[in-house]
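Chains: A, B, C and D, in written order; residue numbering restarts at 1 for each.
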């Protein structure tokens, strides 16, 4: 005999770093349906553009999310530069790539650690986070802050990476590559990890596409779509190819992110090698008048900024659609049929960022 | 710094944070900074905790949740507010869905400024909170934390070059 | 198995990974945005920093009031925008994180 | 300056969205802004990294038809629009009753502006502004 029970998962849950609630309808141990309840982190920051000018808004967009903050500011600045017709100097475009990729590295490592914690490997969590500190130290040394870099500005970047910074970056990348080789790659082959991830939270390619999933969630299901292919910033000059897996389960999402970490290391090396000498920013005069849509690739997928200025120093409208917002419908398709004990792993496998989602 | 006799456990509550402070607090627990050196253990159940670590400001939906978590932490307890959002609302203070710092809802013992604070600053704050917890355990009265502002004047005009602000001025930086 | 022994030997001989903060402080990293300081003798109290500050963490008074510059470190997000716009370059960001416990800091 | 933008009438919305779905587009998001006397809605779709946008003008007080039957993913953003702008959305598969992002004691419809209100903080509009 079985009947339906409703279990609230969250908002405060040991494996959830952020408050979101999933109302799970269960038949015995199997999930029948899931309903997200959000709003615990809603701030309404898009409305702040009405009181802060468009240059101050850079600092707001950085704080949409503390994990992918730099990439948020890149998306915003690119949008404003499109509206105002500002040409960013080439070195600044390369620097944006470098910091975007260090952000992706630390975000993926962070996620990997949390996932390890969610399937019960606490030691692995500690090991990965120790490796992650190297990236944060690198960001601290090159950008002046560990997490929220504050280096992107309208018209370019605020700081350059000199020879010392370059050497430090290369040394850190070598060390990190070793660490990933030592920690991440064996983990993918580990029997315990495969038991806990292979076939869990599987979703088909068609359903993923229909639900509008983005980023590693989509790429793990065989959709070769990565905004970096559009060649924004300097990605067009770095021979970028997206990482794709086809299984569509938690293991595939893990594989995509581990491979993307190696790819990010390679991209930073290439960017450092090909970075031309030029000024790092151009002065920006006037106010934005016009509207645009700016899209870039975050660690979690595509972020889209709609910006509209009307000649005043404040923008009239800013709208942010973040990757987790697009991935939640896919998550709701993954959960039915899963066992309750697998819900944390499946939820974490889309790398949810609630702060982004609710803004 | 005095070594503490007891090992206080911390429960972390993400109120309305952008994750910047969250991940920095978690980084404090990892091998490089290792808060467990001071006996601080990160646990999920508020009933087991002595320290409530809060990140992020208060909004309409989570104010009650925060209050509930606070009530569930047994006495004596200390509250550590990490980051400027948690102290005053920070850059989001003017948002329509933000009530302000968490001191609007619960008493706070230590404010750690920074956006986000570095792990070193968080460790400083935690160590301060341990001292306050010891004092509370001993039955001493502990003043709630203040958020002083700092005013500077040109040296020629002021006899005292620096005037500390009056105690507990939690105001908005005196912008009139 | 041999790899395992190598690991053990490595763990025995290597220094601990943990940074012994606060007993031992790391050398500050140049260019870090730790805390904001002012040189009140150079400042002309023009108020540009407080106008540009995205969080209203700064307040400046000038004539007819006595000149003063006020920082609320519990609002400051250390973005460094004020440092960029200051015409006299009297503001700067120091790499150590701020200690606001004494009345004379920062 | 939005690439691949086409303006459609409100009554053609469902048909246009269904056509997008039939030709294999991925739903990206809906952007809504309050222009004072009407709402400006942008429906973004993506196919092989090419972004296409449909623009719909919704008069104040009118009802917006839901596209969640075509694209399930539109559900969340439609609920968000209902919360923030107070637009009645008809036929959503799942309705949070205006409590998706905002709880009971939060401000209602914070993005909605009174009719006839100009853009906030705006300079006088120049001739030929591209979104009129």
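Going forward, a residue touches a chain if its C-beta (ideal position, glycine included) is under 8 Å from a C-beta of that chain, and two chains touch if they have at least 3 such contacts.
Values in this document were obtained by computation on a predicted structure and should not be read as measured data.
Engineer: What's the distance between the Cα centroids of chain A and chain B, rounded to whole Å?
Structural biologist: 28
Engineer: Whole-Å distance, chain C centre to chain D centre, using C-alpha means?
Structural biologist: Here chain C and chain D have centroids separated by 42 Å.
Engineer: Would you kindly tell me how far, in whole Å, the mean C-alpha position of chain C lies from that of chain B?
Structural biologist: 18
Engineer: Just the number, please: Cα centre separation of chain B and chain D in whole Å.
Structural biologist: 40
Engineer: Any chance you could list the residues of chain D touching two or more other chains?
Structural biologist: 101-103, 110
Engineer: Would you give the residues of chain C that are in contact with at least 2 other chains, written as numbers and ranges?
Structural biologist: 17, 54, 77-79
Engineer: Indicate the residues of chain A shared as contacts by at least two other chains.
Structural biologist: Only 39, 42, 44, 47, 51, 59-60, 63, 130 qualify.
Engineer: Please categorise the chain-chain contact pattern as a line, ring, star, complete graph or other.
Structural biologist: other
Engineer: Sort out which chains touch which and give me every pair.
Structural biologist: In this structure, the chains touch in these pairs: A-B, A-C, A-D, B-C, B-D.
Engineer: Considering the complex alone, what residue numbers of chain B touch chain D?
Structural biologist: Touch list, chain B to chain D: 59-61, 96-97.
Engineer: Help me check something: in the complex, which residues belonging to chain C touch chain B?
Structural biologist: 17-19, 21-23, 25-26, 34, 38, 40-41, 43, 45, 50, 54-59, 66-79, 97-100, 103-106
Engineer: What does chain C use to touch chain A in their complex?
Structural biologist: 17, 29, 31-33, 52, 54, 77-81, 84, 93
Engineer: Hey, which residues of chain D end up touching chain A in the complex?
Structural biologist: Touch list, chain D to chain A: 1-3, 26-29, 31-33, 42, 44, 48-49, 51, 53, 71-73, 75-77, 94, 99-103, 110-111, 119-126, 129-131.
Engineer: Note which residues of chain D are touching chain B in the complex, please.
Structural biologist: 101-103, 105-107, 110
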